[in-house]
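Which chain is which? They are A, B, C and D, in the order written, and residues in each are numbered from 1.
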Amino acid sequence: MPDDAKGNDQPVSPAPSAKPAAEKPAAPSAPGAPAAAKPPMPAKPAGPVPEPWDAEMVRALKQRYGSGIKEASVYLGQKYVVVDSSIVLDILRGMRDDHQFDYCVDVTAVHYPKREQPFDLIWILYSFHKNERIRVKTLLADGQPAPSVFELWPTTDWLERECFDMFGIKFEGHPDLKRILLPDEWKGHPLRKEYGIIQQDNEWVNINLGIESGQ
Amino acid sequence: MTDVTKSTTSFYEEDTGKTGTFLDANELILNMGPQHPSTHGVLRVILKLDGEKVLGTECIIGYLHRGVEKIAENRTYTMFNPYVDRMDYVAAVSNGLGYCEAVEKLLNIEAPPRANYIRVILTELNRIASHQLWLGTHALDIGAITPLFYTFRDREEILKIYEKFCGARLTTHAFRIGGCSYETYDGFEDNVKKFVKFVTPKIDEYEELLTTNRIWVERTKGVGILSGPDAIALGVTGPVLRAAGVKWDLRKAQPYACYKEFDFEIPIGENGDTYDRYLVRIAEMRQSLRIISQAVEKIPDGPIMAKVPKVIKPPVGEIYHSIEAPKGELGYFIVSDGSTQPYRVRVRPPSFVNLQALDKMVRGMLVADVVAVIGTLDIVLGEVDR
Amino acid sequence: MLEYITNYLNSNLTPGQAGNIFWAVVYILLIFAGVSAAVILMNWGERKALAHMQVRLGPMRVGPHGLLQPFADALKLLLKEDIAPSEADKMVFWVAPLIVVVTAFTTFIVVPFGQTHAVTDMNIGILFMLGVSSLGVLGIVTAGWASNSHFPLMGGLRSSAQMVSYEIAMGLAVISAVLMTSFSGVGPFGVGGEGTGSGTLSMIGIVQAQQAQHVWFVFKLFPLGLIAFGIFAIAMVAETNRAPFDLPEAESELVAGFHTEYSGFRWSLFFLAEYAAMVAVSSIAVTLWLGGWLRPFTYWLSGSGWDTAFSLFPGLTFLVLAGFTFFNTVRMPKHPALKIQTVGLGVFGAILGVVGLLLFVPGVRERIQDIYWFSIKVAVFMYLYIWYRGTFPRYRFDQLMKLGWKVLLPVGFGVLIATGLIGLSDQLLEWVKGVMHWA
Amino acid sequence: MGVAPLLRKVFMVDLLKGLSVTFRYQHPSQVCTEQYPLERPQIAERYRGLPRLNVNPETGETLCIACNLCASACPEHLIVVESERNPVTKRKEMKRFTLDVSRCMFCGLCEEACSTDCLELSQDYELAQYSRDGLIFDRARLESGPENTVYSR
């Protein structure tokens, strides 16, 4: 147990955007990798760069929502769009109905505590017709509810519950939003960056397990 | 989906509350699990029953939650590798493959061809092992106790190959970021070929015991039907989706490793019932054997590790990479902030998503079917709870 | 005293018929001990046979090849803490296993292990047996109810429905066999003219009818006897809650069904009763269709030479078992830790051999061979029970009911009607002739 | 239903097929149980079992150079290496080495990190101890290697 603390209490890594051009990794090394693009890249220290994604669908979306579409890029061959949280439900519905993204693979979030809108909420969609994946991303402020897409894809039921459980993101319109992996009365949302790795809800442990602490 | 139940506690109040007269047995709330012989670990299913008919279910999961995603944020990329084996512990090799390939993609490197072949052989062996374990336990759930022992005996041969290859049988940690850490041992090819020859008649034997057996057919046909559109809406993947008639396999749709070099078919079902899922998995075992025998013939020489820096520091960025694990689409969503530790690792667990379909599949069925359907979904609670 | 005993042994009556209380008590004790021994043997045999079907070894550590395992288990069960759920209906909870075990053993009163080897010969023997054995369901239902827990309750419910439905199919099959006793004709297709057969419900009478007709009822009116036997063979598996009809205790669905809340000694009573019931229903099947204590080919291979040859079988069987045991003794791994076990196995083989030799003694072998043939036939059924369990998946509740009511019941009726019509064929012909004549 | 399937159903061919499989397997030669303490399984050469600290077989000196690579490679942070500089040779020497096997997952990362082939995962798989403390291995126990219990009975 004593040696546990050492590796675990590492400071929370800052968000990528806030990162000062961190020193380049030893060498991306694979011969074809763009190792040369090193010195003063604005925000990206090294490696491949997201390229703007230009496709018919993106143009249609941009035309319809204007500045609601904040970014549409391709990174390592994977497409993603960043959209405003107010229109995300519309966009997702459009993705499903108009652009044949009929399959929701995953709903997940990333926490960047230092950002103004600390949560990235990500939907990973897949289209059987086009054999194509796309990530739809939106930024959320702490406590700001996200729209539930349960109506569009029933599969998101548990995935949204897990997001709520782990990050505390509330999904509006979800039929039964409650914790899924942790006990219902648990306090805290473990995948937030401020939640320590050995941290537990000692009170809950105390009451329900009858021991001092889970550690 | 879970509109039958508001919350777990209210269930008990309804059940034990003093209201209602004695023997007022309209509905019965049955707590199946977490200690139950056929919930495959620590799944708890609350069944709302009318006699033996299921009116609704609610799954309570999380008993095996270990916070794998949180652990990932506090380990380096290399250190996290053994942990992924512990999610779907019956298909540890597939988990490792998915993670290693995701990180490789993030690093923008590619494993050398020999490593890819070894990966394919081991992963396909793992698919067979996982399906064998599934078949044994599924048959046990339905009451046939003997297939379990036959499948475990045959799975043992796979585990022996693993043990010789990487030193562990279950949580193998066989792959490293950039390739495989081990060169094949002497006689690896022979062992694999021998295994293929050994297991082919054994699969026929499982079929002899079950496929035409009238009790097995009655117990599985028409049980837990999931139609294609339903399956897609519910997000199920893997054999469950394919049994519903959707011909979709990531090995074909978006080939990873070196799957495009092999000739194999995607078995699909017609009705999406438990029997079809059984047939699909049996056929998949045979297809895996096909892939293995092709791969072991063509396995090229060369290095087994790509040039990977000692300290793995992927550039800032995020990646989603998924593979076809034995249970379905296993995805890793990794966010890198440029440091040695992943900023966020999200695992898209196939069992977790597939388990959601349970409620839809067992409504109106009998208690015995719940057991059959839990078995046919092929869940591993280590992966559901992570 | 000795004279008293030999007198009795040479008589042709069962103790009940002779009104001899002393011998009745002796027989009851013998049967109780014998059935208990059979249960112990069955316990070991099931674990071993099932294990070998499942490419395992089964018990190997307690005694040589696990021979002492049942005793170790019995001891463990007796010493276990006796737990009753706090919410259970204590009285009923306590009584339920007793009902089950008492009914299971009571049926053995009328089982004829030999011409004179039964406690008594009731003239309603088969009726008594069916009646008492169906009381067992009462114990199972009360056990399920008294536990005041969900899984046992469902087990009890399933059990009541299942046993009651299969009782009917079973009864129909039994009636068609009883009907056959009223034939006087000889051979598989002899039905006899004037319906002069004995027509009896007595267990001994049924076997004697088979002896008189020179055919086991399973071959009588082929295939009617066989079908009736088949119905009974399926229904009896369902009656005893064994795989593939083990729904009341389906372990993958209901944990342990009606005995989920039982442990220790009370649980062992259920166990004892289950196996005793298996022996009991197998005895019915053997008595009704397989000629009871009769040796095979009594008619074709008759004559004193053949009689002597067949009476050597019991001794030979034991000698073969002894030889098998010695063979395994030699094959035991040579390991110091296994020395005691090897010696034990050798001694066991020696005992078997001595018993085998004893069974060659003329006076003994003539009296014992009835019991031997009966036991062998029952043992075949016991093996079938194990074999089914090792092979088949479990039926679902509705499918079980479907099989019982929609398949076995109509077929049973058909067989019964067909048997009756064929039995009356002569009279029917007369009647038809009469009608024709009148017309 | 055709005649053949009907006949197959009536004569229970499907059930008999299954029964024949289980019947065939009863032969003692099919048994695949290993009677463990009597027969010990063949362990693969690469088996990852209880960690061991290798010593130079000639001099008996440890091969460890106290580089701490294993400790930093361990995902569970189970290894603690204490070292001090030898004033004579000016080399770092390992003083104490503890490994908490109770939480070890035998991933083999420490073995891979070791630059001198000192730390190695041995083929010992009998790790049961009577207390949790017994699973915290110090240098002496790690160097002496596994002590296999011999079961007399």
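Everything below uses one rule, namely that a residue touches a chain if its C-beta (ideal position, glycine included) is under 8 Å from a C-beta of that chain, and two chains touch if they have at least 3 such contacts.
Keep in mind that what you see is a predicted model, and the values were worked out from it rather than measured.
More C-beta pairs touch across the A-B interface than across any other pair of chains. Taking the mean of all protein C-alpha atoms as the reference point, the chain centroid lying nearest to it belongs to B.
Each chain gets a centre from the mean of its Cα atoms; the one farthest from the centre of chain A is C. Look at where the CA atoms of chain C average out and do the same for chain D: the two points lie 50 Å apart. Rounded to a whole number, the gap between the C-alpha centres of chain A and chain D is 38 angstrom. Between the CA-based centres of chain A and chain C the separation comes to 67 Å, rounded to the whole angstrom. Separation between the centroids of chain B and chain C, computed from CA atoms only, is 45 Å.
The set of chain D residues that touch two or more partner chains comprises 15, 18, 21-22, 25, 32. Under the contact definition stated at the top, the residues of chain C that touch 2 or more other chains are 53-56, 390-392. Of all residues in chain B, those touching 2 or more other chains are 75, 146, 150, 153, 209-210, 213, 215, listed in ascending order.
Partner chain D is touched in their complex by these residues of chain B: 75, 78-83, 86, 146, 150, 153, 156, 160, 163-168, 171, 173, 181-182, 185, 205, 208-210, 212-215. Here chain C touches chain B in the complex through residues 50, 53-56, 150-151, 154, 158, 243-244, 246-247, 250-255, 389-399, going by the rule given at the top. Of all the residues in chain C, the ones that touch chain D in their complex are 49, 52-57, 60, 333, 335-338, 387, 390-392. Residue ranges on chain A touching chain B, taken from their complex, read 7-8, 10, 13-16, 19, 22, 25-34, 43-48, 50, 75-76, 78, 102-106, 108, 110-111, 122, 124, 128, 131, 133, 135, 153-159, 162, 166, 175-176, 178-184, 190-191, 193, 195, 197.
Contact residues on chain D toward chain C in their complex (touch as defined above): 15, 18-19, 21-23, 25-28, 30-33, 35, 38, 151-153.
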